[in-house]
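What follows are several structures.
Here chain A shows up in two complexes: once beside chain B, once beside chain C.
And now, the complex of A and B:
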């Protein structure tokens, strides 16, 4: 009986090895099958197949050969590289839970992600970037079964006024943004240290006090889009259902007063002598806003 | 037959070596370690930069993602890279003068081979703080004699503008095609001849745009680095410290380029460069020996040309042209009595009647086939033609150069911790009228080596 043990162990090892090889082959097969996927940005059509070498050259080190965010450098990076197989992306113009548009991914590749190791890849040609977008998509079958979401509508930016800034501050309190971002936007709210992403990894809220650019852009429209669509995969929810489009601009203007750079909103806030919110005080309502300002 | 078999076996072994390691592997040191990017992210094939790497360099070794300041690094991070190149080579020169048994002189081909190494480069660079970067390169020759190849500090993105970057110190000129980052290494083909060309008998060593120079450089670029401009003001010293030549001699180097998308083919770049300078010809002497830093009597020189980087998927071409001219004084051998005591000194009453400005045209085309980020084949063809000799009696072709190089580099490793390349190169160069008997001189090199970067 004892002499059988080595044979059994050898058989088990062989079976396990075969299974692991088979499973790797299936994964590879599935991936190859997805290489026909395309991306469309403007007049450009990206082909996943054409991006294989560029992905290997530029992306694999962090995102991994399989797009699972487990490249050789992943262990040293914080935040961790995106896992493309989940097809969950922070920077979207589409509603929370939906797939981003190809333009969203294209913009992300070109812009990079602030406060992360993801640089701007805008030296690459437009075509190369669209091809890479297609390649990113090929890692997940979601792109086969779901369509990209529809970009949210962003109304024209109104003029910044003192009333809007005050209304934005009220919204900041009512929506409890301060619980994560802190009353002065220093990312030190009472919940800040407890936050984790969808893979249970610690994550920090955006520090408005120190930072000028957001991960998903730097314009007022980008800021509007960020909190209306939410950052999928992070604790930052979508406020699409809680905030009216016009109110959202108020919040944009208020958030700008928290940032270090000089903005018209910050100048007005200075003239107002605007002080940080008091989280213990009852949240003001948007009804306190002057008539005609809140449509 | 035996020889044929040996050759076949060697080729086979090489093929096995190259192909046998073509697994999915991963290379670059100090910056790659800092940012966690592979060598291939910044290098078409290291050390040659790609557009992303060029932008990284133009931003002052910064990715501009708020992780550039050293405070983001692990305290144990040390921004140093060592580069060394052990190799085996064969060198052959066809007309070497030697003493004959009868007491005369004759010419013969000299060929030798052996194991060797290319010295050591210690490359340190990075950021002292956000938007303040530095570079320090102590380099040694094969005997261990060190010199400072580069030492400079750079203020980047002043007033948050990519168009305002200032560099001070000793640095590589902003050549669009960088010789320091060239792929070729062999004795007969490692450098770009037009970056160092000096006509026969010319005394001007100061127009070598391939040498690092000392001065200040303004450089600006668009956000995506598609458009680049730079102007450097330099002491006319060819990079030597202590201003040993002219007491008031300066040069300037200007370059500009623009890149544009060409659809599926990639991104192409076209540009120009110009170096315009003055160098001394007249030195005070003490006991007949020229006094250091006393040079006056500045005379002019200039080099200018066009540059193009053209991409056709895996195939790309680098084209550099040059038109150069030196003052007739340099053509007559004046310019550098400090390093060459036999060089003439322009003392009062000296005449160079009949001497003309040496003028030439040159170009090279370097071609790369990037099979994948780990395997690159390259060739370079370079030609220089004298269009006017300083001495009208000298045949017009004397000094003309033809240089051809080809080879490949294979990178078995491609990760963010170190770089390693198997380098195989052959080169051939012919100088018209440069042999001791006035005929053509030809040299060849064959090199097989390892290029380490860690």
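And now, the complex of A and C:
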């Protein structure tokens, strides 16, 4: 027995060593294959291979070595870091269910994500950020088999008028934005407390009343894009099928009246004496007359 | 939009070429039974959506995780051929375009079976908005999407590209709404309130037949289908 033991151990060690070597080789091979992926933003071409060092330095802590969002800091964070292996992204200029464009990811890396722990990475060079976009893509094979969606077309922003704000309010009512965001945009609609993300974690709707910037940008065009394409992975759906491009601007202007900062739209709403529509009022009329008050 | 149109045109082309082949084969019929006491189905409180609460005033609705009749017949079980299909039988796309309706803040049907690339229509019969949010396995071959569908909106046309058992569908506005789309290759059947199902156009051969129920899991059995003769196959699920 005694003589056999070392043999067995040696054998086990050999097997383990063989396994670890072979699995490491497979992983290395796959990773190498994926590391050839590129990202294109403007005239820049990003190479995943060139981002490995920056990713390890700046991103791994939260997003993890494997890009699965399980970095060592992840347990302390809410919202959780994105799991890149799933290739589901909130901030897209493309239809729901499709991959974002490289520009979309580049914007996110540069902008950071408001009310999360994702900071702006604009201090890195443009080239370094495009490389990181390619690196983010290398974590999922979806980028090999599928093309990015087509970005939606956003018409030029029209002038804000009282009529547009009123039409926007009617849309807010008809599309039932208030079911989650609340009639005054205070994130207190009847469904607000029950929302979960795609990993079944609780998630809050955007509170227009006390937040100025959105996760996916802060400009009017960003706001337009957010509700038209939806935020995949969250309860926020795409409204593209049911809102015409011009109408969408009406909704943008109305939403701006709900926010804390001073905007031209808010000034007009004040002059109009615009009040939130009571969703429980009798059948919504086709015109957007403010009906009664709502607490 | 343009790629989507091209895609659907492509699918139509496939559909018609498949359609040209005459349907052949036998049918598999059977009954799905539930053994034991059906689990309690929780009543659904729709008071947050008065329009839907009003619809169900007379007969309140419950969850539908297990729907069993008085005689034990189990509804909403998808029966399909999980092994043994070959050639066109495995790739044929059913020509129907089934509807997935949102009515009274419930999904009708609660469970729908589909082939990969078989188109379906999502409709909203309610006076209220829904968001239709199918949630395939994250990172899998099908991808989550999430669209708002206000009252009176046009139907949404969609299809799943890969088999998946099963895709959970939910509405975030009405968290009680729950349904499943089951995407399988080849012919399929879904059991009715008596637990009966029928699968048509099965070519003769030996197969593994699988029955899937949303909370009781799957069961399989081997069957042999002879030419021109209906084959019987029954399943019994045990209540957990």
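One rule holds in what follows: the second predicted complex is superposed on the first by the 252 of 295 C-alpha atoms of A that agree within 3 Å, B and C clash if a C-alpha of one lies under 4 Å from a C-alpha of the other, contacts with A are read in each partner's own complex, and residues count from 1 in each chain.
Throughout what follows, a contact is a pair of C-beta atoms (placed from the backbone, for glycine too) under 8 Å apart; a residue touches a chain by one contact, two chains touch by 3 or more.
All values reported here derive from a predicted model rather than from experimental measurement.
**Q** Let me test your reading of the model: by the given contact rule, A:127 touches which partner, first (chain B), second (chain C), both or neither?
**A** In the superposition, A:127 contacts chain B only.
**Q** Now for A:33: first (chain B), second (chain C), both, or neither, which partner does it touch?
**A** Touch status of A:33: no partner.
**Q** Is A:77 contacted by the first partner chain B, the second partner chain C, both or neither?
**A** First partner only, chain B.
**Q** Check the residue A:140 against both partner chains and state whether it touches chain B (first), chain C (second), both, or neither.
**A** The second partner, chain C, only.
**Q** Considering only the touch criterion stated at the top, classify A:116 as touching first (chain B), second (chain C), both, or neither.
**A** Touch status of A:116: first partner only.
**Q** Show which residues of chain A lie in contact with chain B when the two form their complex.
**A** Against chain B, the touching part of chain A is residues 50, 53, 56-58, 60-62, 65, 72-73, 76-77, 112-128, 211, 213.
**Q** Looking at the complex, which residues from chain A come into contact with chain C?
**A** Listed in rising order, the residues of chain A that touch chain C are 83, 85-88, 95-98, 140, 142, 147, 150, 174-176, 179-180, 190-191, 194-196, 198-199, 230, 232-242, 280.
**Q** Taking the touch rule as given, give the residues of chain C at its contact with chain A in the complex, in rising order.
**A** Result: residues 1-4, 48-50, 128-129, 131-133, 135, 138-139, 143-150, 153-154, 156, 172-175 of chain C touch chain A.
**Q** How about chain B: which of its residues touch chain A in the complex?
**A** 24, 26, 35-38, 40-41, 50-52, 54-56, 63-67, 223-226, 261-264, 266-267, 372-373, 415-416
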